[in-house]
Every structure is written in structure tokens, then in C-alpha cells.
Amino acid sequence: MSSSVTSFTPVLASIVSLLAVLPIVLLGRSPNAREGATFVAAFIKFGLVVSMLPAILDGKTVEYTIWEIVPNLEIAFRVDSVGMLFGLVASFLWIITSLYSIGYMRGLKEHSQTRFFSFFAVSLSATIGVAFAANLFTLYLFYEMLSLATYPLVTHHQDKEARTGGRTYLTYLLTTSIGFVLPALIFVYIKTGSSMDFVSGGFLQGFVGPTETLILLLLFTFGFAKAGLMPFHSWLPGAMVAPTPVSALLHAVAVVKVGVFCIIRMFTGVFGIDFLKGLDLGEVITWIAAFTILASSLIALTQDNLKRRLAFSTVGQLSYIILGVALLTPQGVTGSMMHIGMHAFGKITLFFCAGAIFQATGKKYISEMVGIGKRMPITMIAFFIGSMSVIGLPFAGGFWSKFYLLWGTVSDGQHAMLVVLLISSFLNAAYFFPICFKAFFCSKEESLFEARTEEAHPCSVAALSVTAVLSVVLFVYPEPFFSLAEYATAYYMSL
Amino acid sequence: MEFFEVISAKFNYWIYVIIMMIGLYAMIAKNNMVKKLIGMSIFQTAIILFYVSIGVKDGATIPILYHDQVHAGHHHDDHGETAHHESTDDHHASTSGDHETDKYGYPTRHAPDVVIDGNDFANPLVHVLMLTAIVVGVATLGVGLAITQKLHREFGTIEENEIHDLIKSGK
Amino acid sequence: MKSLALISVVITGWLLLSAVGDFPDWGDPDSPANSYRLSQHFVTETFHETAVPNMVTAVLADYRGYDTMFETVVIFTAGIAIISILRVFRTEDPGAGGPKVYEKRPDLIVDTTCRLMIPIIQLFALYVIAHGHHSPGGGFQGGVIFGASFILIALSRDMQAAHKWVPERRVLNLAGIGILIYAGFGLASMFLGYNFLDYAILHKIIPATPIEARYHSMLGVEIGVAFTVTAIMYSIYSNLASKGTMKEGL
Amino acid sequence: MIEQAPALILLFPFFASIIVALAGIRVPGVSFPLTVISMFASVLSSVAVLVRVMNDGVIRYKLGGWEPPMGIEFRIDALGALVATAVSAVGLLAAIYSKRQVPAETGDRVSQYYTLYLLLMTGLLGMVITGDAFNLFVLIEVSALTSYALIAMGPRRASLAAYKYVIMGTIGASFYLLGVGYLYIKTGSLNMVDIHEQLIARGIFDSTAILVAFILITVGVWIKMAFFPLHAWLPNSYAYAPTTSSAVLGPLVTKVMIYVMIRLTFTVFGADYTFGQLEWSEVVVWMSVAAILVGSISALAQTDLRKMLAYLIIAEVGYMVGGVWLADDIGLIGSIYHIIADAFMTLCVFLFAGIIFAKTGKRDLNALDGLFTKMPLTMVGFLVGAFSLIGIPPTAGFFSKWYLIQGGIASGNWEYVIALLVSSLINAVLFFRIIEIAYFGAKPAEGHGDHHHAESHDSKISEAPLSMLFPLLATAALLLAIGLYNKDIVAIIAEFVSLSNLGAILP
Amino acid sequence: MIWQFDLIILVFLVITAIISLQVKDLLAASMIYGVYSFLMCLLWAGMAAVDVAFTEAAVGAGVSSVFLIATVFRTSRRSSD
């Protein structure tokens, strides 16, 4: 991990989608060309990210400094293994989601599609920016950009409900980022006087006392409210008013993962695992995460709206990631990082399914979906696979990350957390399987659907099939995520 | 008399404060706009009084040179002017034997023979400043009165509380 | 409002009075203000440096000429401001509200007296302007007196009579030209290579030594000031007295 | 001519104002081009001076050729040159905006308007570059008289506001004058630098008169800048003035007064005295906290767009005064940087308010209904300004908050930090309220998935005319540029701050 | 400068200032303000500030009073306080 390559690629990877906004807007009159532009940008982006993969797997980092914006503080990019992992997931899923959104938006004849695709591209730019940020300042910059760029997406419908959802969304995100992260950021800047680069073992050690560390830790952990840690989670269900592709990519992948990614960065690159271990501060966060996991799972059980249930499931799953890294054990950290990828594929499948159901039948509530398996078999099979992945059952990628998380609890003797994880897995199963079960196994009388097969727009179906298949593939071949996570763990825990 | 001596040493400064406070009070408390502006003028003249008091010197007169001093200067001046018209160089050769000249041969000091005692004349600087302040005062008064008239044209009154009532009642 | 006023008056008054004890005695020639080189210089050196016996005029128009230029600008601003606030250009009903101004009764005594007085006033004003170097007075005082003579015309006859002398356009032209005269001296110094308002360099274009150039330039700027002040004083009066209509005065 | 650049900064608008007054009455059409040309020339001169100051250090320009303290001098250091550049640039942009609105809002008084406008700019620029305490008073009055008139040219309520401003402004200016008198009686000098030297030479920092002078000057300047609780004149004045007037008064008058406060605090009294000897920093910072909170919360209660912005100015004034009185290098840098940033962001939102008023004729927030589809470019410009006021990177507002908060933390004034953050959030609420109205419409559709209501607006794009749009977008671009190049601006400011001797007096 | 003379004028100044602000008839107030200015002018002349006194006589006692009176004629003579 010592050597680094200077290359403009990370910057390009980030801004390519920002640049794509121009053709998207200009081609707004002809939808096919516009979506073509989106795809081209998406593929270029993915290609750029992948092109850096060999270097990362070689143990190098790719760096580029744009310029020093505040004295001693640069806007800089650095791709390391964690960032690469996240960047891979996000840029790949953009392609899939674009495919899916075309189906969804056209299927429902949504308005203002140009605006939708433009801001989608901007959001992706911000996401990759976060993934490849070299220091805390750059990270914050893109974090804020993401909050604002997603606002028009969340409120796409421009009705009263959207306004309420949008308000909640921004209130939570801006309050926490301006109220918590910004002062913490400036405090860190003053205390260390450094450029706040993420480095192995953190850079805070020796600059701040234990109390300050605790306060900073809490400020950062809650401040990155995109991670949905309770009590700052309620924007997430609120944001479900967005069109489903938005919910899928942003609220199962980009936005929330940006939140947890930031927290991982805090633990590994800012505070340093060893430093936190020395002060015994991980435990505070683990308990908060544990509470969030259980509470959100229980709430999810009570939800009838499918997207809201998925949203609360997401809240819980995000806390897995936080919990994993807060365990401060190598296996926990590895599990956390892997979970970013694994959960992404699982959850996006689920959201795609929910969107496809709405698109084809207009149904939003779980109670209305009895017998839907016969109407939309592909979709519901995919839904089943996605559920398995999220629950952490074998034959889906989620198994591996769950496995590492559990190992992480055991290896450090934190049995309480082990219990929490197990209970929550059980709860996960409890809120997903009934849906699948009732979809397929119901009597003719119970079924609310006529027995004819009618799937959603083919683009949508293709998209959700791909992600479902990939979830299974990741069980068989978790290698890319696994090795990246291993690298990262080794680097940040100086093993 | 000693008591008066003590008082006389500073009483100007005390009374200027009193006058100024009268003006300030009127500016804030009065309702009538013209009254407020009168208060403003009183307030400003009090400040001018303060400044003028700074410049007073015991035993000094108005800051204009005595006639004989000027006369000496003017004599020289007239001479210089005529000489200048004829030939600059001659003029300086003849008159500036012991007087300083700059590199172009012009005198650097007018009438260097005149001796002026600094304590003979009151401080002219404050007078200059206060000329400006008086002008500023009348300018502000004029603008204030113009606004008052405009308000009267629009609201039909020059009492501030009545205008507030009119605005509140939505007229 | 009254209590607020009382509180602020008491606080300010107490503050100001508390500092009085710290002042030098009234009339003390050795107080810092009077003995510092600044005022000493103005008293002892003004004549040598500018050849003007009235130190106030010299300091006003030369040493602090920049201030004085803006003093003139203040007057000018006030004139323009009052026109922009009050003047009614359109011929709609102007004097809505307000008491009816008294019927104009031509009064022989007033009329005759003013007729006699006004030339004298104007002559005196010119004297004050021109003789400001040697006696109290100068552009401001003279200008105000000159302006007052027009005000007197407007008061004793009516505004239209005064307008024959100084129609509105001419007033504004005079005011602008006054400032241009003042600033023109500054600009001329600048074009000749010295700093703004450094009259000494003007000896290159007027036949005089640098010191005399200062002396004469001061007269020039005083005349500029007088132009502006005359015009604006009358302009302010005519606007205020006619409530912006410029039709009939008081 | 480069030696004369300091004088040219204000001579261009000054001469132009006279020419406009003379020629504009006959040919009203010349007023606008003359104004813009002279302001542009003024910007160029300011930039020239700025470059020279950065290369050669402080410029002293002796007016009339007299050696200070006998004569008046311009004394332009890095701070003055920077602020002069910003002021003239804002003046230029606001002038361009006024092209259509002046005839529309002031009727027959176009030439008077531009005369006053240019005189206002003359006064403000003069205040920035002068080095003489009394000259400052004269220029304060020039700019004050023009402001009164520019405000009173508005509709009915504007006159009342202007009247209050006359009274308050005169009290403020007179206090300042009195304070200068107190300094003069103790030091005998009027030149700012010379006063400071005399204060040191005579060793009279303990004197009550100096203390009272300090209080009078500070309070006088506070009144002029509408610092809480002396702000009562501001909201109505800026809200009811013609939009063209508030577009130039809002950004500039308060900011220049803050510059004056900094100038007097550091050049005349010196940091040692202000922050070392007088231990009032705490009190003033608390006052600024109150200003920030009161300004923000009052803004929240407004439905009139410009009144809301006027209250925001009060909060912003609190930022800057607080930043100065943190008595911290970074805080001071933040304050000065905020002067620049805030001038442009206030200009940006006031231009926006003006455009809305010009297009719809309405003042309240509901006038913004559905504006994203009708005037997308205007909204883009506004968004940048709004984000800057909220403090979202990479706009200028973010970085000024960055430095201010840094100063607050470094000096341990946590209440100030919290107030800044709270006000940021309140600004977010304020502006997202506007954004919501513009985006969703005043009354969004009830049901979910009303997908077509926006479609009906699409065809009706009706942007503001270019003379209004250009300044708005230029301001927005400048805000981004100021944000992105904040390091260079801060380097200029640091030049001044390093001379301010602030670091030495801190414990 | 004769301080007894000054003191008397100063006392009169305070009195005229108060009266001009208290009297309810604005025309009278304007006139008394003129008196006040004139006294001020005398005082300054006594303090050797002839130029200032001259200006005050012309501006304060003269033109300012005329402006005030013009406004009073054009608006209203009555004052509530």
C-alpha cells in the first residue's frame, strides 16, 4: 500500500457523469438519444473505475490533487481499496439502474425525465467523489453535493407528499451535516492543522483528548446521517416518496452507502481503529448500532407498504455495517466493507422488484400482493434471491458478509452483539419470507391476481434479473469484494 | 471667584453635553417630524460647539493674520509678481539671495520674513472642520424636511404615530 | 418611546460628562489639540506656504481641499436628493392636503425694500466670496448669502419672479458647474502630473509662482463652491416652499 | 497614470455623477451608459491599485500634495484595495441591473437616480480608501444623504422608512463625529495612522476620553451598520426602497461600515487597545450572537421577500462584527472574507428579489410560484446565492463560515459557533421555503403522482431580460469563483491581518 | 473670550433649545430655533471662530429657519408635542 500512482483517472471517473449532464439536457427533446448519453457516461464511468482496479489489487493507490482550496487543505482524490470497492459497486449499479429507470420512467410516463436523468448523473458524480475522496474536506464537499443533488430526485413528483418527504429529507441531512459534521470538521482541522488525509491508523491520535474524541466520534457518526443511525433515520422512509429507481439506487446504494462509507472512513482513516480501541470507544457506537438494528427490524415487521418495509430494512442493514466497523476487529471491519457491496446488490434487487410490481400492477402494499408470484414469476424469484442475500442465507452474496460480521463478534468475545445479529437475522427472515411465501403459495381463492403472466417493462425485468443473478454469483465468487476488503483491513489496521 | 475659575475651565464642555442631550431626546422621543428635525439640528450644533470649544486659546484672536503682517507679505507679493512677469530668473536673483528656492527657482516660502506666533491665533483646523459640519447639518435638515413634506403629501400628517396608525389600518 | 429616549439620553450624557474631567482646560493653548504640530503648522506656516492670510480659507481650500470638495458634494447631493424626493414633474394635482397658502397680496413696502436690498445683498455676497482670503467668509458664506437673495425675491414677490432669474434648469447647471470648477482644478493638477488638487503645479498654466498658483486656485475653487451653494440653497428652498411643484411659493 | 489610480477609483464615478446631473436632465438616455462605463473604469482602477498594493505594499496618496497629517491622504493597504475592488464590482453589477428598473420604478427621475447612485458609490469608495478620520465623516454623510434619497424614491412606506433612517443615520454619524472630536482633543491629529502614533507617543490609552471616543465611534458605526440592537432602521428601508436601490444599498452600505469599523479598530485604536486593554470581546461576541439569532428568526417570520432578506443582512452583520471581536487572526480573516462574500451574495439575492418584483409586480413569497419552470436561469443564479447564504460548498458563503467557525473554535467562543450554525440552518429553512414554492408551486397538488401539472408550465418560459439576468448570473459566477479561489483572497487579507498585531495580544 | 459673556449665552442657548422643542406651534418653534442659531453664532464669534460664526449666521439662523418655515407652511403648524 505504500506506493501510489498519480493519475487523473479518479477525477475523470467522478466528473464524467457531471459532464454528461450537458448532453442529457441538450438532448432532452429526444429521449432515446438522451438515454444513450446516460448509458455512454455510465459505461465510461464504470470502465474508468475498473481500469484502476489492477493497480489497487497490486497494493497501490491512485492519487490526484486538484488544488489547494483552503490553506493547507486540498481537494484531492485518492483511490484505495475501500474506495475502489464502493466505487465499483456504485458505478456498476448505475448502469443497471439506468436500464431499469428507462423502463420505469417510460412505463409510467413520468414527467420531467430530463431533469431526472440529469440529477441522477450529478448524484453519481458526488457518490464517486465521496468514494475516491482523499481527505475529510473533499469527502464533506461531495457529501453535501450529494444531499442537494438528490433533493430534486426525491421530490420528483412535485406534489404535497413529495414536498413533505423532501422537507424531512433535507432537514435531517442538512441539520446533521451543517450542525454536526461541519463544526467537528473544523475542530479537527484546527487541532491537527493537517490536510486531514485519510491515513492508516488515523491522524487524530495525539491531538485530542479522550473526551474530545468521544464527542467528535458522536458528532461524526450521527452527523453523517445518511447512514441512518437512529435517531436520525426517519428521513429514509420519508424519502421513499421518490420514484423507485431513485429509491433503489440512491436509498439502497448511493446515498445510504455514502453515509456508512463515511463512517467507515472516520473509524479507519481519521480516528484509527487502534486509537479507538485504546480508548474503548467502539462500544458506544456498537450499542447504538445494535439498538438501531433491532428497532428498525421490528418496525419493518409492522409496515405494510413494501417500499417502507424495505426502507426500514435498509436502516437495519446499514447499522450492521456500522456495528461491524465499531467492533474494531479485523473480521468485523472486513465484514462491514463487504457488506457494502453485498447488501447493495441484494437491496437493489428488492427495490427493483418493488418498482416493477408498482409499474405492472400499481400495487404498493404487501397485503395486496398475495398471489403475485404467478403473475410476475421472474420478479418474485428475484425478490426471493434478494431477500436471501439481505438476510444472509447461503447461495446469496450476503452470506459472506454476515459470516464475517459474526466472526468479528466472536473473535473479540462480544457475545451480546452476536446475539443481536442473530436475532435480527431472524427478524429479517420474518419480514421478508412471508411476502415471498404468499406470493407463490396461496390458494386460487386467496390470490388477488388473475392467473396470467404479465411482467413489467422488459428493461426493468432485465435489470432486476441481472442484479439477482449477480447476488448469487457473489456467493460463489466473492473474490473481488473479499480481496479488496481484506486489503483495506490489512492497511488500516496495520496488520 | 475661585469657584468660578474652576467652573469656567470646563463649563463649555458641560453645557454642550446638556444641549446635545436635549437634541437627542427630541430626536428619539418627539412625535412630530419637524420637531425631530429641529432636535437634530440642535444636536448637531452642540457637536459643533464642542469642536469650536476645542480650538479656543486664551489670548488668541481670530485666525486671520494681522494687517501689518499681511501687508509685509503683500508688499513682497506684489513685487514678486511684477518681477515674475518680466523675467523669472532676474526676479530670483535679485530677491532670493537669502531665501530658499526650489530647483526651478521658485520660492518655497512666501514672505519668509513674516514671523507668526502660534499662540496668537485660534486653532483654524476646527473651524474648517466645523464649516463642513454645518453644511452637512443643513443638507441633512433639507433632506429630512423634504421627506417630511413627501410623507405629508402621502399621509396628510406629520405626526409619526398617526402615520403608523394609517399604515396599520391598511390605508 | 419616551422612556427609551430618556434611557439613551441618560447613558450617553453620563458617558460624555464622565470624559469631560479628562479634557484639557477650556482655552488652554497647550492642550494637545492646540499645541500639536498639525494646528501649529496651520497657524504658522499657512501664510508662508499659500500666501493666504485667512488661515481658515487656506486650510479649507487647500490643505483640506479634498474635504471641502466633498462638502460641496454634500450640498449638491442634498439638492439632487430633494429634487428626487419631492419634485413633482407631472402636472397632476400636487398640493393635495396641507393648508391653503395665503393669498398673495403685493405689498408696496416689502416689495420696494427688497428691491433696494437685493442688489446690496448680492454685492455683499460677491464681496464675501472674493475677499475670503483676507477676511472671514468665502465660497460657502457668500454662496449662502447669494442664494438667500434669490430666496428673498421669491419671498417678497412670488416664485415665478425668482424663476425668471433662476429657472430650474439653470439652477442645476450652476450647481453642477460649480462642482466641475472645483474638481476641474484638481483634475488639471492631475493632468499636469501632480496629485489630485495639488494646485501648485498650476503655475505652469497660470502666470504665477507655485505659491501664488495655490493662492489663485483657492479663489477659483471658492467661486466653484459659491456657484453650487447659491444654486442648491435656492433649489432646496424652491422645492420645499412649493412642495415640489415649483409653481407658487409661500 | 498608474500613480493616479488611487484617486481614479472614486474620481470616475464622481465626475460621471456631475456629468449625468448636467447632461442627463436633457438627454436621460446618457445616464445609464455613463454610469456603467464609469463604474467599469472604477473597477479597473481598483484592480490596478490592488495589484500595486500586492506588489509594493501600502500606497499613500497625498491629496493636494501636502504631507500627512497636514493634508488628507488616501492610505490603501491590502484590505482597502480588496474591499474597494469588491465595492466597485458590486456597484457595476447593480448598475447594469438597474437599466430597465430605474425608468420603471422612479419615473421621470432617471438622471437624478443615477446622479445619486454614482455619488453613493463615490462616497462608499472614498470611505474605503481614505486615511483621514474627519474625511471619513464627510464621506459617510455623502453616502448617507444619497441613501436617504435612494430609499425615499420608493413608494409610500419607503418615505417613512427613509425618515427613520435619516434620524438614526444622523445620530450614528454624529456619534462618530463626536468620537473623532474626542480623539482630536486628546491627540491633536486627524490622520488615522497619526492618531494611533500620537496615542502611543502620549501614552494616553488609559484616558477616559479615549475610552469614550472609542465607545462613541464604535456605537456610531454600529448604528450605521445596523448592528443589533441598533438595527431598527434597516428592514423597512431596504424592503420598501426601489429594487434598484436596495440592490446596491443592501450589499454595500452595511459592509462598508464594517470595513470602517475594522479600519478604525485596527488602524486608529490598535488591536492592543481594543482587545487587550478593553476586555469587552466577550460582551460584543454575545451581542453578535443575539444579532445573528434575532436577524435569522425575524427573517423566518417574514412573508415579504425583500424584508426577509433585509433581516438576513442584520444576521450577517452579526457574523462579521462577531468575527472581528473574536480577537483571533482567523476570525478576523473570516470577517473580512465575509465582507467580500456577503457583498456578492446579498447582491445576488437582492437582484433576484428585484427581478421577481419586475416580472410579477409582487413582493411576497407566493410570487415565486412555479418559477423553476418559468425562469430556470434566474433560479440557477438565485440558487447559488441562496446556497452561499446557507453555507454550502463550494460557494463563497461556505468558506467564510469555515473561517469564522474556525476563529470561533480557536478563540473558544462556542456560543458564536453555535449561533453561526443555527443561523445557517435557519437560512436553509428560509431558502428551501422559497425553493419549495418555486419548485412545487404555492399549492402543490394533493394526490400522489400528478405527473402532468408541471407539463403545462413548460411552454411558458419567460426569462428576465438580459440586463437583469446578466448581473445575476455574473454575481453567481463570482460567488463560485470567490469560493474556489478563497485561498488567494485570504492571502491578500492575511497581508493586512499580519500587520494587525492580533496574534501578539492573545494570551 | 470673556467667560462671563459665554456663560450667559450658554444659559440662553439651553433655554431657547428647550423652548423651541416644547412650544406646540411649529412656526414659533422654527423662529425660536432661529434665535438659538443666532445665539450660537454669537458664542462662536466670541470664541474667535469668525468663519464658523459667519456660516452659522447665514446657514443656521438664515437658511435653515427659512427651510423650516417653508415646510411648516406647506404641511401643518400644529404639533402634538
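For reference, chains read A, B, C, D and E in written order, and residue numbers begin at 1 within each chain.
In the analysis below, contacts are C-beta pairs under 8 Å (C-beta built on N, C-alpha and C of every residue); 3 or more make two chains touch, one makes a residue touch a chain.
This structure is a prediction, so every number in the text was calculated from the model and none was measured.
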| item | value |
| --- | --- |
| Intersection of the contact lists for chain D and chain E | B, C |
| Length of the shortest touching-chain route, chain A through to chain B | 2 |
| Innermost chain, where centres are averages of C-alpha coordinates | D |
| Most distant chain from chain B, judged by the mean position of its C-alpha atoms | A |
| Contact-richer chain pair [A-D vs B-E] | B-E |
| Chain of greatest Cα-centre distance to chain D | A |
| Whole-Å separation of chain centres (CA-atom averages), chain B against chain D | 31 |
| Centroid distance [mean C-alpha coordinates] between chain E and chain A, Å | 79 |
| CA centroid of chain C to CA centroid of chain E, Å | 19 |
| Gap in Å, rounded to a whole number, between the CA centres of chain C and chain B | 12 |
| Residue list for chain B, restricted to those that touch at least two other chains | 8, 11-12, 18, 24, 28, 31, 53-58, 60, 62-64, 125-127, 129, 131-132, 135-136, 138-140, 142-143, 145-150, 152 |
| Of all residues in chain E, the ones touching two or more other chains | 1, 50-51, 55, 59, 63, 67, 70-71, 74-76 |
| Two or more partner chains touched - positions in chain C | 16, 21, 23, 27, 31, 33-34, 38-39, 42, 54, 56, 64, 67, 71, 74, 77-78, 81-82, 85, 98, 136, 140, 236, 240, 243 |
| Contacting chain pairs - touch in the sense defined above | A-D, B-C, B-D, B-E, C-D, C-E |
| Chain B partner contacts - residues on chain E that touch it in the complex | 1, 3, 6-7, 10-11, 13-14, 17-18, 20-21, 26, 29-30, 33, 36-37, 40, 43-44, 47-52, 55-56, 59-60, 63-64, 67-68, 70-72, 74-76, 79-81 |
| Touching residues on chain B, where the partner in the complex is chain C | 8-14, 17-18, 20-21, 24-25, 28-29, 31, 53-60, 62-65, 69-70, 73, 77, 80-81, 84-85, 102, 106-107, 109-112, 114, 116-121, 123-129, 131-132, 135-136, 138-140, 142-143, 145-147, 149-150, 152-153, 156 |
| Chain C - residues contacting chain D, complex | 15-16, 18-19, 21-24, 31-39, 41-42, 62-67, 70-71, 73-74, 76-78, 80-85, 87, 89-90, 169, 172-173, 175-177, 179-180, 183, 187, 190, 194-200 |
| Residue ranges of chain A in contact with chain D within the complex | 68-71, 108-112, 140-141, 144-145, 148, 152, 155, 157-163, 166-167, 170, 174-175, 178-179, 182-183, 186-187, 189-190, 241 |
| Touching residues (chain side chain E, partner chain C) in the complex | 1, 50-51, 53-55, 58-59, 62-63, 66-67, 69-71, 73-77 |
